[in-house]
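Reading through the structure tokens given below for one structure.
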Amino acid sequence: MKFYPLSEHIQGLETHTGYGYSGVMAEVTTPRADEAKTAYLNRLRRIEGQVRGLEKMVEDDKYCIDVLTQVSAVTKALEAFALALLDDHLGSCVKDAVRAGGSVADDKIREASQAIARLVH
Amino acid sequence: MKFYPLSEHIQGLETHTGYGYSGVMAEVTTPRADEAKTAYLNRLRRIEGQVRGLEKMVEDDKYCIDVLTQVSAVTKALEAFALALLDDHLGSCVKDAVRAGGSVADDKIREASQAIARLVH
Amino acid sequence: MKFYPLSEHIQGLETHTGYGYSGVMAEVTTPRADEAKTAYLNRLRRIEGQVRGLEKMVEDDKYCIDVLTQVSAVTKALEAFALALLDDHLGSCVKDAVRAGGSVADDKIREASQAIARLVH
Amino acid sequence: MKFYPLSEHIQGLETHTGYGYSGVMAEVTTPRADEAKTAYLNRLRRIEGQVRGLEKMVEDDKYCIDVLTQVSAVTKALEAFALALLDDHLGSCVKDAVRAGGSVADDKIREASQAIARLVH
């Protein structure tokens, strides 16, 4: 797998903290290997399709419990996507940072722990 | 709020148990009031937009942690959608079933409890 | 199953809102059937035993991942306990309130929805 | 912080996979620094106290919704404990394994990812 040089991530660390969804995105990128990227995109497109399926169910006045069953399926799919991405992140960015040593490694680990906490809550 | 007569739901109960996502959908519908339906659809369309935003982030090689932050936001939005729908369901279908009395009330409550369990896990 | 008369719950509703853990407990009680109560207590005692098992693991310097596996087991046991209690609550207090009619039914449903939301988050 | 030499963890990896709660515990230990250990034990004792508080609530026939509120508090406390332990684990065992290099690093990361997945579900 090909990943950006560590220095990019170091820059990223400084600009990242505390911005929300609608805030300005820091220009940090993580070029993913082509197959990995395609696999992630396919998962997300399936999830997008599931959400459109939910819209159709509401439009067609489908029974609440059936809609809720589908919401649980979409949530599970999103969680599985997140866990795969996190595993990749630990095995690439975090690993690279630890190898490079210094305080960046600890920053990366703290950052990963915070992302895990957001997934758990 | 206008809701289907209870008899529809009673029918639904018999045909519902145990089918999965890809299975044949029972023809049970829950006509929702127009405003409620519009509000639910708007929520889902926003969620669909957020998922497309995730695809864009992956396409643009955005930093993993930023993608994960967005996944958490989408998951929260889906949970909030599910909780709103469940609250409506308890306040309409389940309430109607309890008022009508008989074993249907218990079936509806068991069905709701199972849906809650799926949301929690 | 034997449950308190509805009026108790109605009183409870007024005094309940917004108190936290360390706050003054409203004097609302839900006498549970003897077997149900024993079953709930046994579950909780098992969970207490699991927590003590966790303490022993930390005292004995057990491997983090093993401790985490046990924490997940305890969390699942607590969730299962909560789901059983919620199911009972829907099938007794909420059902009774709906049968009695009036605004209390809606209050009870809102209260249950809020408890569900706390379990999901 | 003082931690066991890496070789212990390598041994641990082989004996760990696939044992459940009641199974035979692999003899892998993670000596934690004294303050960290005391802090973890104090958290767990507080959680044990909360579980005993739940038993008291059930014994005293406390209102279901109040019991559920307390269950949510205990679950949150357990999650916070797990997240702290996981953060420590990433910053010690996983970091050490990555520094030592070789396939153990990947095993440790996979093991951590699986523990995260158990916390999320």
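Chains: A, B, C and D, in written order; residue numbering restarts at 1 for each.
Assume contacts are C-beta pairs under 8 Å (C-beta built on N, C-alpha and C of every residue); 3 or more make two chains touch, one makes a residue touch a chain.
Just so it is clear, the structure is predicted and the values come from calculations on it, not from any experiment.
Steps from chain A to chain C, minimised over paths through touching chains, total 2.
Mean C-alpha positions place chain B and chain D at a centre distance of 33 Å. If you average the Cα atoms of chain A and of chain B, the two centres end up 24 Å apart.
Listed for chain D are residues 79, 82, 86, 112, 119, 121, each touching two or more other chains.
Viewed as a network of touching protein chains, the structure reduces to one closed ring of chains, two contacts apiece. Residues 9, 12, 16, 21, 25-26, 28-32, 37, 40-41, 44-45, 47-48, 51-52, 54-55, 58-75, 78-79, 81-82, 85-86, 88-89, 93, 111-112, 115, 118-119 of chain B are the ones that touch chain A when the two sit in their complex.
Those residues of chain D that touch chain A in the complex are listed here as 79, 82-83, 86-87, 90-91, 94-95, 98-99, 101, 105-106, 109-110, 112-113, 116-117, 119-121.
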